[in-house]
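Shared between the two complexes below is chain A, which has chain B as its partner in the first and chain C in the second.
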Partner chain A sequence: MQANSEQRKRELVRPIPGNWWLRRRPYTVFMLRELSAGFIALYAILLFRLMHRAPDQVNFGLLVDELKGPTFIFLHLVVLGFALLNTITTFNLAPRVFKLYRGEEKVPESLIAGAHYAAWIVASIVLLVIAWRA
Partner chain B sequence: MRRSNEPLWWVPFAGGMMIDAMVIPALIVITGILLPFGIIDVESIRQLLLHPLTRAAMFVIISLTFFHAAHRLRFALPDLGLRALKPVLGFILYGGAILATLVTGAIALQIIQ
Partner chain C sequence: MASSTGEKTCTLELFRYHPDQDREPRFQSYEVPYRTDWVVLDALNYIKGELDGTVTYRWSCRMGVCGSCGMMVNGVPKLSCATFLKDYYPATIRVEPLSNFPVIRDMVVNFDDFMHKLTEVKAWMIPKEPRTLDEGAYIQSPGELAEYKQYTMCINCMLCYAACPVYGHEPDFIGPAAIALAQRYNKDSRDGAAAERSDVIQSNEGVWECTLVGECSQVCPKHVDPAGAIQEAKLQGAQDWWKSVLMPWGKR
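After this line comes the complex of A and B, so read on.
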């Protein structure tokens, strides 16, 4: 019985080619968004290394020298693209997650998304000012 | 019915998604342009990274980023054809995120160097 149902299950699985997500634009955007988290995680390794090396001035300087190379500049550009994709898709999705009501009235989706974009701009400016004035 | 552990992973995932959306682009501008091109002073950034508040913030960002990635890749990788990995993927990815969190915490507190 067990083996029989296992067998039937296997028969019902239709093979899907690995490149299914390249066939339609919405699927492609969806998959790139999913993968963006992986690229951001690779970037988090750099953040980790910077924090790790901070106590040692010489080692920290060597890592910063590495950042000047074309490889790191290229990787930063790639990750920036994925990070912006994550930012935009997250904020555009935010109104579906936070459904707010003012009395009976539903707060417009554009207002909720807009508030996230505004917070993002403020947070980015704050971070840049902190780095600038450190 | 087997109880799902999904909500447990969803909290750090959603937190990571939001924090990544808010801070990662600016951090990339800092580490990818401002720091290597000498627009901001290397030594002052190093001092900033020694400050306990900065290290606490870095710990939160790094840890949640790994949980964000773990949760997304857990579903994306089987969809990309790595179906054979599906039974162990959750264990590997969430386990990796937990391990990364512990190591990052120890580094942030300078318990290990």
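After this line comes the complex of A and C, so read on.
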């Protein structure tokens, strides 16, 4: 039934409060996931700075010394926390995105998410080995 | 909690808004008998029948099929016929109309916007080619049925819209259920109108508004997974876009 304009005027439109994302945990996690992109972008800028200075050993050494300070260690921990949050929440949502079928049977969601975690662990080990040898 | 007769009771705090009397909404508390087999809808029916006949809400089947009795129960969209008092007892249960929709009265919301969106996405079968009775039934394999069967389970209860913060902030967003129902026909081997629907689904108000909060799928009482339908449509849209760029001579 279509509401007429007179009825529309009498309807109550409830404004969304600014703290809507604090009212339920899933919304808070979602907003933190969105915020994490900002921190990861900041870290990418830092990495670009390192790469930019890499050819100049003196300047590079100065920047590396600066990164060993407590402020940057704290920043690294914060970025790591957001990176983990982003990764875990994204992997948990992966079964929403990838719908795979084995013949006519749907591949279980746990297997899709699990495959992402497995690939993450393998990639992390490979990177650690490369870093260790460098 | 117990009444004067010693019977266990449960408190419901109902959202009240009567357009002829109230300028602002208010909450009104009611004590109802506590029974372990009662759902929120039973409590509402008790209130309406025994305590206050002016309380207004929609309901019909009482068995999670019709999709009429969706409400916010303690801030979460739920079918009130499938939400047991025992899961909240002894805490007070706050019942409100579905979020993100205009309120007509008490728990009754106006869902014209959703109905309009269903027609926008053409959520009905548009066959590939006309088929006469003499040509027999459409043949479909179990695999082809599995492609879309999940989406047929949608009961239009709109809990997904109430859970979607994107729809709350951007009411033009086509929204979870309408997109899932469009996918129900897009994925059906008998349908031939996916390209027509894509004009709406792939528009700015379509799937690309979705930021994958994922709550639409969490609250869906029928496990339709509208968030999955939206991501599936995004993937299809991206594939179609690449095809149109790499093979502009190809058919859409």
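The rule we apply is simple: the second predicted complex is superposed on the first by the 117 of 134 C-alpha atoms of A that agree within 3 Å, B and C clash if a C-alpha of one lies under 4 Å from a C-alpha of the other, contacts with A are read in each partner's own complex, and residues count from 1 in each chain.
As a working rule, contacts are C-beta pairs under 8 Å (C-beta built on N, C-alpha and C of every residue); 3 or more make two chains touch, one makes a residue touch a chain.
Given the structure is predicted, the values throughout are model-derived calculations rather than measurements.
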With the two complexes superposed on chain A, say which partner A:34 touches: chain B (first), chain C (second), both, or neither. both
Looking at the overlay, what does A:21 touch: chain B (first), chain C (second), both, or neither? both
Which superposed partner A:12 touches (first chain B, second chain C, both, neither): second
Please indicate which partner A:110 is in contact with in the superposed arrangement: first for chain B, second for chain C, both, or neither. neither
In the superposed arrangement, does A:128 touch chain B (first), chain C (second), both or neither? first
May I ask you to name which of chain B and chain C touches more residues of chain A? B
With both complexes overlaid on chain A, does A:99 touch chain B (first), chain C (second), both or neither? second
Doubly contacted residues of chain A, that is, touched by chain B and again by chain C: 16, 21, 34, 97
Along chain A, where are the residues that touch chain C in the complex? 1-3, 7-8, 10-14, 16, 20-21, 23-24, 26-27, 30, 34, 93, 95-97, 99, 101, 103-104, 106
Complex contact set, residues of chain A against chain B: 16-18, 21, 31, 34-38, 40-41, 43-44, 46-48, 50-52, 54-55, 57, 60-61, 64, 67-68, 72-73, 76-77, 79-80, 83-84, 86-87, 90-91, 97, 116, 119-120, 123-124, 127-128, 130-132, 134
Give every residue of chain B touching chain A within the complex, in rising order. 14, 16-18, 20-37, 40-50, 55, 58, 61-62, 65-66, 68-69, 71-73, 75-76, 79-81, 104, 107-108, 110, 113
Inside the complex, what are the residues of chain C that reach chain A? 17, 19-20, 25, 75-76, 99-100, 102-104, 110, 112, 142-143, 146, 165, 168-169, 211-215, 217-218, 225, 227-228, 231-232, 235
